[in-house]
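The letters A, B and C name the chains in turn, as written, and every chain counts its residues from 1.
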Amino acid sequence: MHTTVVEIVTGRRPAVVDLGREVDAFVSEAARGLDGLLHVFVPHATAGVAVIETGAGSDADLLAALDRLLPADQRWVHRHGSPGHGRDHVLPGLVAPFVVVPVLGGRVALGTWQSLCLVDTNVDNPVRQVRLSFLPG
Amino acid sequence: MHTTVVEIVTGRRPAVVDLGREVDAFVSEAARGLDGLLHVFVPHATAGVAVIETGAGSDADLLAALDRLLPADQRWVHRHGSPGHGRDHVLPGLVAPFVVVPVLGGRVALGTWQSLCLVDTNVDNPVRQVRLSFLPG
Amino acid sequence: MHTTVVEIVTGRRPAVVDLGREVDAFVSEAARGLDGLLHVFVPHATAGVAVIETGAGSDADLLAALDRLLPADQRWVHRHGSPGHGRDHVLPGLVAPFVVVPVLGGRVALGTWQSLCLVDTNVDNPVRQVRLSFLPG
């Protein structure tokens, strides 16, 4: 298994960050033309990984849906940091902190409109780690 | 890694389609009695894969829940195709487009009531691809 | 692939049960200092696996969010067992019954605040099976 950690700046607002560039660079080096599975993992308790289209508004739509499904208000038992932060700790229950996708011939075999994205609603941690691992098949 | 793509007709209504027949056929050929992991992946930006019971109403219940959690109305920034289509692009954020399940002795080791299902709320794409991959352990 | 099944008592109330002890024991024996992927799978149609922080209220927060997103009332087509049980069958559509996380040097490489948890809203099945599998890389 080849594995590495990349640092992603998500900033101080809820963000969906496209990991395409980091993933492509890693897979072209780690897979070297082989087939296998790519594992994307965020080792944080207040972020998730999603496969969605970016650049056409769906990233904003996902954040708006999460604002409604997990409101950033005072309802949460887990209460510290910015107001409503407890909802960030529930996020990984719905948007899991990992994704597994196929690698074929050394390239991630996503659909045309799919992008691997870090989903980070936590405004208190502007820099995140993402672990990329390639398991040859 | 053994891998193949199957075509699934999901039709022009939101649908939960049981992939059991396609999965069993693939795994019996690809795994040949071995242990490993089965990876099910839909390379589309408006569909997901879920493991639920089928045939007792939970497929309809899942679609009804998604209608409520991600309403097919005009709220979405991503706006093209059928009315409310933007919600189909948020779906993979909640119902991820992949599943990984164990294979034991050449058979998918699901629980009695579990089925691998394609979840497709997108009414504009009646035919979908699903990639099945077996990684021997 | 090394694989085993552990039994987890979740009791007769909705529960988020930390699997850390079982996972650590399995991985230390199965991985023996190697890298790879850990697959956690619950072979039941009314439970999921999540990676969240435990011990600070987020387990209760996740259950409260699920109560709101999937209410235990009479709306569900799938109707048997305790009142509202149909929602337990939709749960795995949102909280999938599997998780894959990296193993490095024979240890699960979770973040500081992450725990692998069984999420079980089904009050009719107090004992659950969880399959742990290690795929060396």
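The rule is simple: contacts are C-beta pairs under 8 Å (C-beta built on N, C-alpha and C of every residue); 3 or more make two chains touch, one makes a residue touch a chain.
These figures come from a predicted structure and were not determined experimentally.
Trainee: Please tell me whether the contact surfaces of chain A and chain B are same or different in residue numbering, using the over-half criterion.
Mentor: At the contact between chain A and chain B, which are copies of one sequence, the residues are largely different (under half shared).
Trainee: In degrees and to the nearest 5, what turn takes the CA positions of chain B onto those of chain C?
Mentor: My answer is 120 degrees for the C-alpha fit.
Trainee: If you average the CA atoms of chain A and of chain B, how far apart do the two points sit, in angstrom?
Mentor: 20
Trainee: For chain C, what residues touch not just one other chain but two or more?
Mentor: In chain C, 69, 94, 96, 100, 135-136 touch at least two other chains.
Trainee: In their shared complex, at which residues does chain A touch chain B?
Mentor: Residues of chain A touching chain B: 35-37, 50-53, 56-58, 60-62, 64-66, 69, 94-96, 99-102, 104, 109-114, 119, 135-137.
Trainee: Within their complex, state which residues of chain A touch chain C.
Mentor: On the chain A side, the touching residues are 1-3, 39, 41-45, 69-70, 75-79, 86-87, 89-90, 92-94, 96-98, 100, 131, 133, 135-136.
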